[in-house]
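I'd like to ask you about the structure that follows.
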Amino acid sequence: MPPYKLVSRENKRENTVVRVGDCRIGAGAPAVIAGPCAVEDEEMLVKLACRLKRMGVHILRGGAYKPRTSPYSFQGLGKDGLRILADAGRVAGLPVITELTDVRHLPEVCRYADIIQIGSRNMQNFELLKEVGRVNFPVLLKRGLSATLEEWLLAAEYILAEGNREVILCERGIRGFETYTRNTFDINAVAAVKYLSHLPLVADPSHGTGRRELVLPVARAALAAGADGLMLEVHPNPENALSDGPQSLRPEELAVFMQDLQGAACRCPRVSA
Amino acid sequence: MPPYKLVSRENKRENTVVRVGDCRIGAGAPAVIAGPCAVEDEEMLVKLACRLKRMGVHILRGGAYKPRTSPYSFQGLGKDGLRILADAGRVAGLPVITELTDVRHLPEVCRYADIIQIGSRNMQNFELLKEVGRVNFPVLLKRGLSATLEEWLLAAEYILAEGNREVILCERGIRGFETYTRNTFDINAVAAVKYLSHLPLVADPSHGTGRRELVLPVARAALAAGADGLMLEVHPNPENALSDGPQSLRPEELAVFMQDLQGAACRCPRVSA
Amino acid sequence: MPPYKLVSRENKRENTVVRVGDCRIGAGAPAVIAGPCAVEDEEMLVKLACRLKRMGVHILRGGAYKPRTSPYSFQGLGKDGLRILADAGRVAGLPVITELTDVRHLPEVCRYADIIQIGSRNMQNFELLKEVGRVNFPVLLKRGLSATLEEWLLAAEYILAEGNREVILCERGIRGFETYTRNTFDINAVAAVKYLSHLPLVADPSHGTGRRELVLPVARAALAAGADGLMLEVHPNPENALSDGPQSLRPEELAVFMQDLQGAACRCPRVSA
Amino acid sequence: MPPYKLVSRENKRENTVVRVGDCRIGAGAPAVIAGPCAVEDEEMLVKLACRLKRMGVHILRGGAYKPRTSPYSFQGLGKDGLRILADAGRVAGLPVITELTDVRHLPEVCRYADIIQIGSRNMQNFELLKEVGRVNFPVLLKRGLSATLEEWLLAAEYILAEGNREVILCERGIRGFETYTRNTFDINAVAAVKYLSHLPLVADPSHGTGRRELVLPVARAALAAGADGLMLEVHPNPENALSDGPQSLRPEELAVFMQDLQGAACRCPRVSA
């Protein structure tokens, strides 16, 4: 008997589907969330968003409040970033997701975003989990850097226990001894979470690998293991990105992948939940 | 050139000493922080606090807001717990430390406690770090479960960068593959942090081992490696503790250790910073 | 500049193809190696081998010399096991692979097997690597439990440096903090090794997950990430297997997967080296 | 009930003492094993050995057969190295320890050395363990890079089960995510092994930290946690060492430590087994 209840398949057999705009995450066809790590510049973001929409991307991502390891790194544009992201989404016709790092920003983030992202460093920020559990709003919960599957599912349980059922899990790689990659993408976790829980799961191979050349092979792997979607960092000019350049795809790379995906998704063997 | 500045020994040669009541953490003689994992019951806590004071313990610990992995576990007594802890400290004549888990609780915690504890799960809750950086109050910053030394020192840098210089670091074990122990106490980190930084460091072998029989050997080791103090869980009746029973010392075990310590501390070889 | 030479793609652009019987590992279509963890009983193995052959499995696996964590666990049938494995392979018309654990067994293993397996625990048994580097015989080199990609590729370099170019790499999961799975299958390693090296790579999701229900989803993922084949444990009666029962597929489960695979392999998006 | 028998304290209460020359490892006073990582040059080694003897070092270490990650690194002087090491020990009046990496070298190593070292990479080279279990000769068994305590004790059990009771365990650090140090010295393992087993344990803080400035603080910690001795790398000219220079102490640093130790050892609080 696992210690979690509401998130488990024993409690609910059928997959939970989270609707965002006209995208249905968990309903079968892979959902693709893409965008820059951080919102940097309005004109760039609007152009990129429109290009992503044309490729078939479903949701626009962009960080406004950035949790950075160093206090001396770019911390994001804050409220201005939220506004720019929302505008870019509106112009392109894409719903948007952004990270919430402080309970006091919740009203603001709910006003501008369509999905609230809880980052890895806040996976066990239980006060934040309880607050997003009390709003009627989709939440994407990233796995902590060294969280076990049980701890991750219990973090989701905190949100469901407060009443919010619209939770999407996101595997983004765990911390290990390997130095070639930024993190170790845990493919076992993708298969195991789909087996243990009814919640939809998206994969973030950008953080999961930290290297552009590995992002798409691992993205394909995640879908083959049963992921319901992908979260990908893309930047028109990765060399000059203010953060995460080395793991950001170029728009043209993503465009090719989106075509493959639309061709292959329906035929590629999927795990049956 | 490390990415942190204010916390580094290059920036400040001499050890920082944090004064709490008449205890001076970092000044040489080991400081001992002890108490139950969670504040459970007023009468028990007052009795325990007085007993700890008589043994020579310097600071009383006790959790009021408990970050628990499961939403269904005991979450602490909250504000009542803070009041009970403060009363027990006053009666026994001990300053008290308790964990802050939410920026909104800061005024309350500052009112009742003498040291603010930031737990492992919040080591990279940067909004919380910035807020405690803006108060003039001692802060004990626990290392995250899988934080590198650099990430830990940068988390401390967030606090110092906001103006608060009274930071105590706490090594409490990292997550690894070993299943016999709850965590892997990182003795290298004790020696390395004393080498890299001027901030005082205390060791928490209770969480660092998770097993009563290992707590005191590892406590001795931490002091021999250069730790400025210890944080120990003690409970009059570990079998019935609401949390962390298996790693809690019995008062009589701690009493014997405190005697050894007062005898040995001055003579035991110490690392020179 | 990586420290390895002969194994790197800089040294040799085109994929190395290792021929075993009429199977060409690294040539495109996924190679499937399957069989029980250990050779236990001749009649059972012959029956299983014939069934595997009918499913389209290419190579038969079976352990004769078993490296076991405890001296009190079943250590394998040794030379008898080799003979039984070879006979089963001959009857079924399948080449066979078995593990070499001692330099002194090399002539014997070369006499009975078609591929020499070097297990995870011997990945850095450099004397063993040098010896298999001096024979003209295919070698499957499993990744060590906590070997970095560089250490793994350098272990292969030991073999190539002695003259043997027929090396197949095998990702079988790394050791981490997760307790739900036996190991953490490193999908990044699959993509990265195909990028860094010209050597063929097979995936072992049986050890990589340790749980039957996760083996096939992770097998699909490995192929989608670019693996050239799979190594799968299968047992007619996992409940009674002398080792690795919980991670062994049932023959009927493997049969269904082999059909999917023959249908999907050519169409599933593959990473281009 | 642990899976190991002969190595456990349940099976034998009193500490096992291994005699080497007139040093008794496990009898109380810390035994110090010191020397260069690899045997490089006869004159240098003889001079160093005599200096170590004068400091009070008990056993001389030096590698002749070196297991190196890369086939292109210095592999040791082999049989010549063994002879040089034995001569240096004889001249200085010190017993010697060296690593065995191949079952075929066993007679040769037994002829020249006083203790056989089994390195981390061979901790689960079970054929090697069985062979050293069949000789009547002291064996130092290093812990594997990612071996659990149970796996390590079971590896020792392989040796005892073959009849050889003279086993010394050596904690040398485990592999983790930290990049500042070479390995993570596991102080919990020191305390736990002394609790679980009657075998003597020595600590290798040179490999356990990988940094000269951390070696002695961690050495003190290991003794405080209950270690029966230390294994230290020392080199007259670390900058020019063929291997492990950055973690090698200078003779003058070791000399000061040996004096502290002789002063402090008897008084420093020790864990009672």
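Each chain gets a letter, A, B, C and D, in the order it is written, and its residues are counted from 1.
The working rule: a residue touches a chain if its C-beta (ideal position, glycine included) is under 8 Å from a C-beta of that chain, and two chains touch if they have at least 3 such contacts.
Treat the numbers as computed from the prediction; the structure is a model and nothing was measured.
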- Query: For the chain pairs B-D and A-D, which is connected through the larger number of C-beta pairs in contact?
  - Reply: B-D
- Query: Can you name the chain that lies farthest from subunit C, using the mean of each chain's Cα atoms as its centre?
  - Reply: B
- Gap in Å, rounded to a whole number, between the CA centres of subunit D and subunit C: 34
- Message: For subunit A versus subunit D, what separation do you get between their C-alpha means, in angstrom?
- Response: 48
- Task: Quick one: report the Å distance separating subunit B from subunit D, using the average Cα coordinate of each chain.
- Result: 34
- Message: Using the touch definition from the top, which residues of subunit B touch two or more other chains?
- Response: 146, 150, 175-177, 179
- Message: Which stretch or stretches of subunit A touch subunit C in the complex?
- Response: 146, 148-150, 173-174, 176-181, 184-192, 194-195, 208-209, 211, 213-214, 216-218, 220-226, 260-261, 264, 267-269, 271
- Which positions of subunit D touch subunit A when the two form their complex? 175-177, 179
- So, in the complex, the side of subunit B touching subunit A is made of residues 3-4, 67-72, 101-104, 121-122, 124-127, 145-146, 150-151, 154, 157-158, 161, 175
